[in-house]
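Notes to accompany the following structure.
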Amino acid sequence: MLDFFNNTQTIHMIIIIGSMALFFIGFYGIATQKNLVKVLVSFDIMESALFLFFIGLHYQVGLVAPIVDKNLKTFTSMVDPVPQAMILTTIVIGLAVLALGLSFGIEYYKLTGRNDISKMNELRD
Amino acid sequence: MSLGYYFLLPVLFSFLTPYFKKLGSFTLRGSSILLSLVLFLQTVAYVGVKLPQISQFSIKPPLGIAFILDGYSLLFLLIFTFSALVVSFYMYWFFEENSGRDEARFYVFFNMLIAGSIGMILSCDIFNLYIFFEITGICSYTLSAFNKDKLGLESGIKYLIIGSIASIFIVFAIMLIYLQIGTVNLGLIAQRFHLIDPKISVLIVLMLFIGFGAKAELFPMNFWAPDIYQGSISSVNGLFSSVVAKAYLFVFFHLFYLFNLGSKYMLFVMVIGAITFLVSEFTALNQTNVKRLFAYSTLGQLGILFMALSTNSSQTVSGALFHLTSHSISKLLIFLALGILIHKFKSAKIDILGNFKSGFLTIVLAIGFLSILGIPPFSGFVGKILILKGFALSQNYTAIAFILLVSIVEAIYFFRLTAMMLDKKRAKVTVKVGSVNYIILTLLAVLIILFGVYPSLLTHYTDLATNALLHPTNYLNYALGVGL
Amino acid sequence: MNSIFLLLNLLPILFLYQFGGALHVSLPLTSEFTLSLIQTPLGTFFAYLSLISFLLVTIAQKSKKLACNYYVLQFLLSMAMLAIVLAGDFITFFIGWEIMTWSSYFLISKSNSIDIKSLQKYILFSLASAFSLIAGIVIAYSFAHSFDFSVISNSFKDMPFNIKVALIVLFSLSFFTKAGVIGLHYWVVDTYSKAPNLFSSILSAVMSKMGIYGLFLVYGNIVGYQELKMMFGTILNGTDFGYVLAWIGVATSIIATFKAITQDEVKRLLAYSSIAQLGYIIAVIGFGTTYGVAGAMYHTLIHTIIKLLLFINVAAIVAQTGKNRFSQLGGLIYRTPVSFVMLLIGIIGLAGMPPLGGFASKFMMYNAAIDTKFALILIGMLFSGAASFLYCYKLVYGIYLGHPTSKNLETTKEVPISYLIPQIILALLLVLAGTFPGAFIKIINPILVEFSLSTIPYSGLGVMNSAVGSFNGFFIMSAFVVFFVLILLLITRIKSKAKNNLNRFDISYCGEVPTQDTSLHFGFGFGTDLYRIKFVNAILKRSSSSFYESLATQTKKTSELFSRMYYGNIHNTMIIILLFFSTLFFIGVN
Amino acid sequence: MESGFYGSSLDGNLKCKFEESGLANTHEIMEKAVRWFRSRSIFVVAYGTGCGAIEMPPTFTSRYDAERMGVVGVATPRQADLIILSGYLAYKTLRRVIRTYEQMQKPRYIMTLGSCPINGGMYWDSYNTIKKLDDYLPIDVSVTGCMPRPEAVIDGFVLLQERIRNGEKAGWEKYDENFEFYKENQKRVLGGHIDPSYETDWYNLKSGGKA
Amino acid sequence: MIFQIILLIMLAYVVGFIYFGLYRNITARIQGRYGPTVYQSFYDSIKLFSKNNTVSYGWMFYLGPVIMATGAVLTLVLVPVFSDSDFLRSVTSQGNLFVLLYLMVLGPLGNALAVGTGGNPFGVMGVVRGLTRLIGLELPFYIAVVGLIIAANSSDIVHIIDVQKTAGLNIINHPLLFIGAMISMVGFFGASPFDIPGAPQEVYSGPRTEFSGKFLALLMSQGSLFAFAKLVLIVDLFLGGADSLVMLVLKTFTIFVAIIFIGIVYGRYKVEQAVDFLMKLPTLIAVLGLARIVWFG
């Protein structure tokens, strides 16, 4: 039963389905939510989905994480390290953007008392 | 000097900013000027050097990270560093006039913005490109929210949301590319792009298109752009118009030609560019806020550039690059001059701004307007005629007719502004232009006339750039590390 | 300041004279285009025309205190025109054309009476003209792979027919706009009437001629009259093309003439008159015959002289009195007699009356029409000529004759001498042109050779030859003078105690005694009869303005429609981006 | 003003020359000729006041046809030789008539119809009509009757023509000679508001404008 | 030559005055009157010349009638009077039909200046009416003239006369043009129904309001010269010219009487009615004649 899950194909399938589901939750969030915080959260969910997707698809059964310690015998037995590095960087960037967005949101809320993005329309002719 | 300094120096200056601040505002402002000057001089030093140039970090490409400077990026590098230099001088005046503003915050992000933009055009690695994309993005969000008032914050938030969407698309695209090809090196991607399953490749291309297109203000993804211009200070507008938007445009076409997409995509981009041009110019007619108006004008000009750059004909592309350069200079001139007026009148309404009286500003603004309209003997004319000539050679008369017809619409608002400046019946308020601004605006105006009168100065570089853009063999070789 | 620019304006004339037809300069601009100047007989003719006009206007500007930048712009304008007429390729031509456009724009904006709407009209039509021109240029380039006139001219024959037509239409539209053909004249009247008074003379006399030069260039040099004939076929003794063009010209001249009569503002009348006169030129320019070209050329010369004269005259009067309407002027003849005589000579020329140059040019054009058997065209020209007497008379009556309409007109002094000098020169030129019309044949013949048309036989300075008759200008002028003097002597010999210099109120007024307050000036009663004539009323009540106004409204509406998209809702923007992506994705995948 | 009916129809110098060269007789003949031509061509401005106005159309049209004697109507006083006042004149009318008369070119004549201009007629006690027109303007021919028939009017023309031919002293000469007298009388009925006689030379006035 | 010119002017003067006398006489007869003598116009002219006073409003007022007379004399001199003689041929060859067309308007325009100087609004109204009428009046005449010029392919009147010798008279060859030209001529002679400019009742006799004495006499004299010139022109154009004085008088008189008969039976058109009428029927007739020449000739 569990062997079924110990199959790279299956895991990839689950990851694809799961991350896409997550992605579309985020997608749904940004399409429907108007609260700035919720929108930012939706973005984060979408990003997370992408991260899972990317990392997950590079995982193969029997390979270890590309971290240099005693478990790592040969370079062939580890998963591709590049995606990991990329995702780490991306997470940092995502975090920075999120933090910036939240700080903007807080400042804006302090000034106006609003956080509905569809009502941010003072910039118009 | 290694190309890495283009990134390292700004970042260094950016991190040192708090220290400079302690040394006093003069040092702070001076440091930025110094940085821009160094970068500009370094770029000038590359003029005449055999291109492309490569700077690799630790491992040689395609595995390692590298910066490549070819003819295409040299042109943009010149534009960016020059714009940065001009803006840093302008900001010296700006902070003199507006003492008490958070100068350090501006300079941190200004320096980083330069680093990010330059990184985007030099990087030969799609993931690095993404990082610089994000750096540029974050800096632009912050800069557009530099006025920490309602409008500024609103524009910051809007920009941030759009930026987030764009970055998600780009990340997705990069991941798909990596999943398909297993590399992030642009050279390798270009080489193997045709191997990807067509459906996936369509998805990748579309995601990149949406990601960079949204940032490069293409219709229908540019509804946010005027708001951002309206909410930020005019020097930042100048930067957005002449540096940031151009950087995204650079990447867009860099990838476009590297991936060697078919003529179907070209037609698509051309149509999208045309629609952008049309819609923006018509919308600009209806504006009463000068910043929004010039935001639409920028969108329109980007539309022309998209039309012309997507033709794959060296004549048109060369013309478009000329036009791009001239547009950058002209828009910088216009935004900086308007900045002086907005500072004086504390408003960006056209009706109010029209009341100024200053012969110098009238002349330089008129030069800027005429140049953007493409009227000789200013630089815009050469760009426009080269574009038209290119279209004519490929017998694309529809595009010619379209550009010329919409240009008339463009002329309506440009000359309405001009007429307003020249109107004697308005109550006139004398505006004094400080010596710093006097020098930089004169410099920009002289450049516009110079390129118009003696275009060979620039056509040499635009031809180089065109060659590098359309025939990226050398670039690919360097990116693949062949012969290093 | 004035003297400096006077000298500066003199320089190019001397320069041109020095070169004497051998000017050939080329200056590489980029690797792709070269600026080249070539002196052709046609270009030289127009070059002297414009340069001398600028010189005269600069003389007239002596009495106005104008800023330096005004003179600089004006000099730039004259140089731009020189570039246009001496250009050897289309890039030079276009650069000159556009510099002309904007330098004149800035000059017009220096007027006190200008408003934004008129400025917008002027610049938009100028730009539309320029863009139509550049469209033609690049299309020609796409076949010839060169901007050079001679290269384009050589390769023109090999272009496809529809491209040929498109080129001719685009170039014609551009130059028609500059010359103010009816329908495209919307900008002309406002601009001429609201520009600085002396600059109006340049606009009307010289700048509109650049359109005429362009037409000559395209029809005569680039396309060639032979080619036009081969392309479109012939009708009667002329070309089909010429026939259509002639109807455009004649319609322009008739409509503008009637519009001119009903104007109350002096400069508006002159503006419409300018349109009408250019209508004549356009009517004959496409005939493609020797006399068509000669007539158009001669009328170009004469119209330049007349319009300079009239506009300078009016400018002087406006400067002197501060009034610019017929209903505000009047009775100036005894206050400014020299100006009156100058205007009189001008309108006699404008009406095309025999002893002066105006007749010789009209005669040439009429003969061209007879030569090609375009009888209805000729009738149209004669008809519009007959109607033009009315506005000629209105011009002289409204300003100089009748009664002064206000107190200060009774104390007006003669206009400054600097205004009079150019007027006197021009009036002399006009008289000379009428007396020695044969001299013009010598000027025109090289141009006819350039267009590979047969030349006009020359038989003496006074004689104007044409295919269907000739006249001796010298004889008519001298006979007129002799008879005039004789009859004058005769009538003065009859001493029936002419009670000279009556009080101006001592008129037959049905026994009433008019006073200062009686409205005796008929300046604004002119042309009211015309509204009751059905045919003329149909012309007068129609206007191209409604079309352009509605175009403007439509543009504004489109603009509003588009700007509704940019309403700043970031949430919707996001959704649009996502939808756009999804749409594209589905299109792309399928 | 020269004496003699023909006025200055011939140049004064010419007249002297004639006399010097002993051709006074020729002069005489020309004088006569001019008088004859004047009598053969009389341009009439018909000032239709009172009931006599109705008599004028028949005089000039088919039935009585004054044109056969060279008498023809014109519209403006500038061209006219003769003014016909066809009835009583109110003060208001008198003002216009004086204006019209003064605008006529010499030689000029006045003809009145009916008795009103002679003695006031049935308006003898009216407060606002002229009783005796001859006090205000010199009448050359008065055609009496109330109203005179066209035949009588034509008789008046014949009388006038004869008087012109004979060179009799005409009313306009009397008017010139007794200008002050007539003006005094006119002032008396018209009050102080007497019309300007336009003696001032407007066009040569430096200040201009003042009549 | 000078002698011939003087002779011609005297001839025209006499014939013109007699014609005008006849005009008045015939008009009177048609109206059932006796009418003035044939020499009446001559009497009027002498009388006006011998007036003691003449008003003048300044030098332009003085020159106006002179210009008008000059125009008339010049027109007269440039019209070939006799077809087969050298009489003034050296003079007439200096001009052509177009010169004449414009000279015919030069005089009235010159006089209009004097009218304007006179400052009488009625005079100017008359001038404006006249010029407005001219718009319609010249149209049929121009068409006729253009038609003849195209038919003869020359604007030289002598040539047009010569053509008629071989090809037959233009009145027979081009009757439509003749009709058009004649209707215009009625107006050129100031006859009804096109006599609105000088309407005495409405605009105080129009352009002549202020003219008196010798100026009026000059205007009348030039009128008769001018009338003669116009008649000769019509004769030259349509009736093949005249080779002797008798033929000249005969032909011109025929034309003249025709014009009188047209003019006498009509009332007066308003100016807009006149132009409207002239632009319709006569123009149409003339255009038909022209079309015949251009397309089928």
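Labels for the chains are A, B, C, D and E, by order of writing; each one numbers its residues from 1.
Here is the rule we go by: contacts are C-beta pairs under 8 Å (C-beta built on N, C-alpha and C of every residue); 3 or more make two chains touch, one makes a residue touch a chain.
Bear in mind that the values here come from a model prediction, so they are computed numbers and not experimental data.
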Point to revise | Set of chains adjacent to subunit A and to subunit D | key: C
Check your understanding: From the centre of subunit C, which chain's CA centre is farthest?
Key -> A
Review point. Whose Cα centre is nearest the centre of all Cα atoms in view?
Key: C
Study note, to complete from the structure: Top of the farthest list for subunit B, CA-centroid basis, is D
Check your understanding: Cα centroid separation between subunit A and subunit B, in whole Å?
Key -> 30
Review point. Whole-Å distance, subunit B centre to subunit E centre, using C-alpha means?
Key: 78
Revision key, fill the gap. Between the Cα centroids of subunit A and subunit C the separation in whole angstrom comes to 71
Check your understanding: Which integer distance in Å separates the CA centroid of subunit C from that of subunit D?
Key -> 56
Exercise for review: Scan subunit A for residues touching two or more other chains and write them down.
Suggested key: 30, 117, 120, 123-125
Review point. At which residue positions does subunit B touch at least two other chains?
Key: 157-158, 161, 165, 226-227, 286-287
Practice item. Two or more other chains in contact with one residue: find those residues in subunit E. Key: 49-55, 57-58, 204, 209-210, 213
Practice item. Could you list each pair of chains that touch one another? Key: A-B, A-C, B-C, C-D, C-E, D-E
Practice item. Please give the residue numbers of subunit C that touch subunit B in the complex, ascending. Key: 28-32, 69, 91, 94-95, 98-99, 101-102, 105-106, 109-110, 112, 115-116, 119-120, 123-124, 127-128, 130-132, 134-135, 138-139, 141-142, 145, 555-556, 558-560, 562-563, 565-568, 570, 572-574, 576-578, 580-581, 584-585, 588-589
Point to revise | Contact footprint of subunit C on subunit D as seen in their complex | key: 7-9, 11-12, 76-78, 95-97, 99-100, 103, 195-196, 198, 200-204, 207-209, 211
Revision key, fill the gap. In the complex, the residues of subunit E that touch subunit C are 49-58, 60, 62-63, 65-67, 69-70, 73-74, 77-78, 91, 94-99, 101-103, 105-106, 109, 112-113, 116-122, 124-125, 127-129, 131-132, 134-136, 138-139, 142-143, 146-147, 149-150, 153-156, 159, 204, 209-210, 213-215, 218, 270-272, 275-276, 279, 287, 290, 293-294
Revision key, fill the gap. Within the complex, subunit D is touched by subunit C residues 334, 407, 410-411, 493-497, 501-506, 508, 510-513, 516
Check your understanding: Of all residues in subunit A, which touch subunit C in the complex?
Key -> 27, 30-31, 34, 117-118, 120-121, 123-125
